[in-house]
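This is the structure I have questions about; it appears just below.
Chain naming follows the written order as A, B, C, D and E, and within any one chain the residues start at number 1.
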Amino acid sequence: QQASPTLDAVRARGEVACGVIGSSFGFSLPDSQGVMQGMDADSCRAVAAAVLGDANAVRWVPLVPAQRLTALQTGEIDVLYAQLTWTMSRETDSGVQMASTNYFDGTGFLVPTSLGVASATELDGANVCSIQGPGEVTARDYFTSQGMSFTPVLFAEGEELRAAFLAGRCDVYMIDQSALISFRASLGDNAANYTVLPEIISAEPLSGAVRKGDPLWFDIVRYAHIAQVNAENLGITAENVDSFGAESSPAIRRFLGMDGTLGQALGLQSSWAHDIVAQVGNYGEMWQRHFGRTGADRGANRLARDGGLQYPYPMR
Amino acid sequence: MMAKAPGRWRSAAAQALVFALVGLALLWVFAITGAELRSRGIETGFAFLGEPARTALANAPFAFTPGEDSNALALWAGALNTLKISAMVIVLASILGLGLGLGRLSRNRLLRGSCLFTIELVRNVPVLIHISLSYALVLSLPAPREAQPVLGVLVTNRGLYLPSPVAEAGWLLSGLCGLIACLALIFLRRRGGRWSPGSAVMTLLTLAAMALPWLVLGRIPDLSTPAVAGFRINGGVSISPELAAFVIALTLYTSTFLAEIIRGAIQSVPRGQWEATMALALPGATVRRSVIYPQAIRVALPAMANEYIGVIKNSSLAVVIGYQEIVGIGNTVLFDTGQAVEVMAVIAGFFILVSLGFSGLMNLVNTRLSWGDRR
Amino acid sequence: MTQPDTPLLSIRGLNKWFGAYHALRDVDLQVARGERIVVCGPSGSGKSTLIRCINRIEGFEEGSITLDGLGTAAKGRAATREVEEIRRQVGMVFQHFNLFPHMSVLENCILAPMRSLRESRATAEGRARELLARVRIADQADKYPGQLSGGQQQRVAIARALCMRPRLMLFDEPTSALDPEMVQEVLDTMVTLAEDGMTMICVTHEMGFARQVADRVVFMDQGQILEVAPPGEFFDHPRHDRSREFLGRILAH
Amino acid sequence: MTQPDTPLLSIRGLNKWFGAYHALRDVDLQVARGERIVVCGPSGSGKSTLIRCINRIEGFEEGSITLDGLGTAAKGRAATREVEEIRRQVGMVFQHFNLFPHMSVLENCILAPMRSLRESRATAEGRARELLARVRIADQADKYPGQLSGGQQQRVAIARALCMRPRLMLFDEPTSALDPEMVQEVLDTMVTLAEDGMTMICVTHEMGFARQVADRVVFMDQGQILEVAPPGEFFDHPRHDRSREFLGRILAH
Amino acid sequence: MTRFLAQTEAAARPAPDRRRGLRQILAEDFFYAPGATVWTLVLVVLLGLAAWTLFDWAVLNAVFGPTGTLDASQACRAEGAEGACWAVIGDKVRLILFGLYPFDLQWRPGLACLLMIALYALSVQKALWRPALGVIWALVLAAVLVLMRGGVAGLAPVGDDQWGGLPVTLILSTFGLGLAFPVAIALALARQQRRFPMLQAASVGLIEFARAVPLVVVLFMASVMMPLFLPESWQVSKLLRVLIAFTLFGAAYLAEVIRGGLQAIPSGQYEAASALSLTYAQTMRDVILPQALRIVIPGIVNVFIGFFKATAIVVVVGIFDLMTAAKRAVADPLWQGFGIEVYLFAGLIYFVFCFSLSRFSARLERDLARDRS
């Protein structure tokens, strides 16, 4: 059994310190009761359920984007689920390692329908509103490659950005698909006045990250996610997770820790995957919980068998 | 007095020593941090400054080509923007603050009350809220397509567009004439008596001098007026709505603090000075301009200098509504390079330099303002 | 202009209150052209208040003060004009000088003539230098008040007031804060003025000066004028009980 | 302790500079126990500087000032102790009183005895009230200095100094800023003290007081002691030219 | 009339009635000159317009909750809902006030806030200024900490990274400024004295540094660099870290204000103290500081108000203060677009505290002035 300093520290502390953004709907945002909600939050809960058997044993560390990597590098947090795009430079230069992708996102455009624009290629000279961060780079690459000019208008806060766009400060609202969809949903009847352009100009695999140099912890975080995908693939949900018994398929039995040594290999209890599903749910449930009400299309985040990118890597 | 004062050199030497020690300690901290980070597989050092910046700048004060120009140049652009908004806010807030402060001392009770109300309302609420509200206000201006130009000025939620002079010899000549007239007038008035700017005659003469070339040429100067074209508004000079909103908010906020300082300073001028002006039958304008304000400004200046430094620091809040000053651009660079400590150190260094420079300047003004009363 | 034999200054039935405190009570006083009046009395008796009322630095509730017929208008624009005119004609030297600390001695002296009398700079400066010379501080013209000794400051204050060519000069205890040698200097200056025939009202406790210069001595107590008499008579045969008591105390030491 | 017939205070070869300005020049003065000295001289002659040197509010460059043998240590800890001891034994009344405005009269008086002599509050208060009664302001004990007249403040300052049971009292022009009536009050207080045999050095221009109380008059000019004589002789037959000139000016008015 | 002798003593009479009628007040205070008349009229129109617009938006057309079949959020977005949407406050008020503090335990921060407000209210009563008040302060603050942290007396422990909103603002400003005050005095004295030049230089250095660098940058660097230096078990909790930075920065600003007061004390006060053979410490404690502090009350209050608002920087270390929580409230698609309302709500809370402080200081100044002369 290999040693994992992070795992030991987490066990000693009784909490997983999880870095989140804490301000973006659908990923991590406190609800009216101050409870952190979203995909990222639930991915952290999954890790806590796997390691400690308690999905609520999470300490939230809200981070502004600029602090995300340093917080992980310095050991302030154990795992980072903060809408972090998996990029090569991050893995090579920054001492972090991407464990799993819990949301495949991409940058898209929203324009007022009245503008009469049907494609992003018609946006030459436009004012482009977006949030400070990597998005700017994406935009520049895109516009340059299309031979178009543009004026960026960058904001640090979403509320100001949305207000600016609605007031007509910009021609285009450029942001991750996920945010685009929830924003459009918030417009109610007005949503019809805005069009999502077909182009998705970048791939943003939003991933959980850990520090380099702790392979066991890396595995735990990675497989906490894979377990959720597998659970959906196997049809295991938070409701039915306790209804499986000896008659179930070997895959399910192995998954739920009735057979085999999946947990042992990770240094965890054998019920680790069961705890994840029972307390957090499978991937599909998780997605539905946070994005279902916006009426969005699951798109790339469907299971591989439905044509999506969430692949149930075999757990055996 | 109490203890015998040690020589000046001794305290100067001690200060130098302490600063050197602090400097060394900081260097040591940075060195350790660097080593720590490297040991965790993170790149450190200031090499990123020389690398090309990947980001586009929204309101660069000069032409900035992402992908070619360096990160250092991007930060420099941010620094210039910081200085620009700070300067704008300092000038405008001083004017507004003077108005509010004088209003507080007005005999008109309604004016006095309104000024007090404004001051209390504004200064007791965080400046961030003013920024957001002011931005909402600016955004509620008409869109470019709906806006009607007034005298060539276009006020829209995409910015304020002003007609700008087209580069032409006439403008240059006109400017030169104005400048010469100004200098000549200042020179003449200095020789004649106390220098008083803002005299109506002087302004008129200057304007006349500026109009001279056009009279000679016999036509109206060329202006480039803004016009909506596609996504863009072409021609003229523009002020972005973010800049406008931020300057409005911070100006209002700062001016309330300045107003209270100015009021206090004016009230601190001894009653005897007012009485002396009465006894000498001085007219009201002279009383204020020649007797009260010069004495008040000396009392007010140190406190005002504090507020001005506060403005420079507060300018970093512009990032909220997307005006790109040094902190905003610093954040972007930080996203690109991931080198948080270094970027923050650059920003901190910039603020230290500017603030200390500004303090120094203010001290200089302060000594120039003092008169021979220290025996 | 009124006839030369009417009094220059005429105070009738003057009453003034500070809040509820009755500071001046039924004060009547006529001052003829060229007359020199010394006002004395114990501390808090209203001496300063009286002379401050004369050039309207202090307002009053009842009675009238007229300067050569000026000062009768009741309210409004006309009254403001009259007050301005009175102030232009009355010079005042404050107990604490109240020089403008940010202006040189010369600037202190020429400010009011230039702004208020609209004299040219040259005229104002010429006159100021002349007056400064007369109070023997011509050489200090470019210093700031903070660089002068008390006696010198006092003399600047006198010169500043004289630069307005006042018809009446008011002095408020011009020597109380000075040392004996300086007292003498200031008093000498005032004596010269008096000899030139300037009308003046001076609050002072310097009995030597009163004897030497005053035409009449006014003794006040509790806001009231108790006795008015030529100095010789006043000092040698004070009539009012309070005067006698007051002089007894002062002359004792 | 030294013998009773040695002088209480002994100043020898005292020289002091303010920057380059030579403010005290070779001053020598012995003051016996119970002696009353009046120091006079024109403004700027160094009178204040001299008495400020005595209790070391002002340092000096050359010479020595010893109080009953105290004050000989050169530097360091011992010197600091000695200075503290000297200040404990010397009371000073400033020209501008320097009362503590945020404390009541009584608090002003008991602060130093409690803190510096470590007396109990009751003892200090008892003594303070007694002294306040002696300067006839016992009824003002709970007022703040700002609520008192100048003469009353001056008397508080005297009482405050006396509360430390000083062996030597220093007065710096205790009456120059007062009006004639108050001057008398303060001088009366000092006369009472003198009659009780207190050793005192007093800078004053009140010649009446000097004649009445002083054992010797010290005349200073330009930082130098020019003449020391009993008051009768000094006033009637000043020997030094400067003294004669000075007295001439003062007595003239 | 060369000789005059008063025959009677003029008795003091009561002053004539100086109360003014409404007409007179209007004429003398509002319309006394043409310029004043213009100002008055313009202001009446402006203020009237502003008041009406505000009333119309904030009350007449406002949505306070669900209407008819629409839920609150829909009601706010319904056609014709032009006014303020106060329903967002109703939904998010506890998030804004208490941040991430566990929902069912929020009575604890609530009680803590009430305790502190009561403490302030008590402390501004001049009649209660006696040593016992210090004890009450200590007790209340201890109670506040116990309530917030839990872990004793059967209260569930709550880590300070879950604190947020108003209690954090109050705790930071009360503790931070309370601690900053003595530090500031020490800094000011150190800067003022000449005997120990090293001490003086250090104090100058700290003050100038704090005034030059934005607090946010320092906190940010600290949060990045501290973990590199200290082992995890040594690490200071985030709130404590902010508190320390806050205290030092507050102290630097206060020190400058206090120094101004020290400079205003005439040298005669020092001289009198040394003539009475008081030691340096006694002189400062009994004579100089009481006067200096009184002079600079307005400046001190300015710093207090500034820092009360500056508590919002805790967001840098991930703690949800009032402002941050307000922003998060409108990140929820349900309430996106109603930023103004939550900002105004948060602003109102800041305003109530800061305004009370500013009024209190004005009263204190007046009282002290009356006391002394």
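Throughout what follows, contacts are C-beta pairs under 8 Å (C-beta built on N, C-alpha and C of every residue); 3 or more make two chains touch, one makes a residue touch a chain.
Here's who's who by UniProt: B, E = Amino acid ABC transporter permease; C, D = Glutamine ABC transporter ATP-binding protein.
Please read all numbers here as calculations on a predicted model, not as lab measurements.
Of the two chain pairs examined here, C-E and A-E, the one linked by more C-beta pairs in contact is A-E. Taking the mean of C-alpha positions as each chain's centre, the chain lying farthest from the centre of chain B is D. Centre to centre, using the average C-alpha position, chain A and chain D are separated by 84 Å.
Our note on geometry: chain A versus chain B, Cα centroid distance of 42 Å, whole angstroms. One inter-chain figure worth recording: chain B and chain D are separated by 56 Å, centre to centre, where each centre is the mean of the chain's CA atoms. One inter-chain figure worth recording: chain D and chain E are separated by 49 Å, centre to centre, where each centre is the mean of the chain's CA atoms. With touch defined as above, residues shared between interfaces to two or more other chains in chain D number as follows: 57.
With touch defined as above, residues shared between interfaces to two or more other chains in chain A number as follows: 66-67, 70, 74, 157, 159-160, 163.
Residues of chain B in contact with at least two other chains: 1, 37, 132, 136, 340-341. Touching chain B in their complex are the following residues of chain C: 52, 55-57, 84, 87-88, 90-92, 94, 96, 98-103, 107, 111-112, 114-116, 121, 143-147, 160-161, 164.
Those residues of chain E that touch chain C in the complex are listed here as 1-6, 9-10, 12-16, 18. For chain B in complex with chain A, the residues that touch the partner chain are 37, 40-43, 54-58, 66-67, 132, 135-136, 139-140, 143, 157-158, 230-232, 241-242, 319-322, 324, 328, 331-332, 334-336, 338, 340-341.
For chain C in complex with chain D, the residues that touch the partner chain are 42-43, 149, 176-177, 179-184, 187, 205-206, 208-209, 246, 249-250, 252-253. The part of chain A that touches chain E in the complex is made up of residues 9, 22-25, 29-36, 59-64, 66-67, 70-71, 74-76, 157-160, 162-163, 166, 182-183, 185-190, 294.
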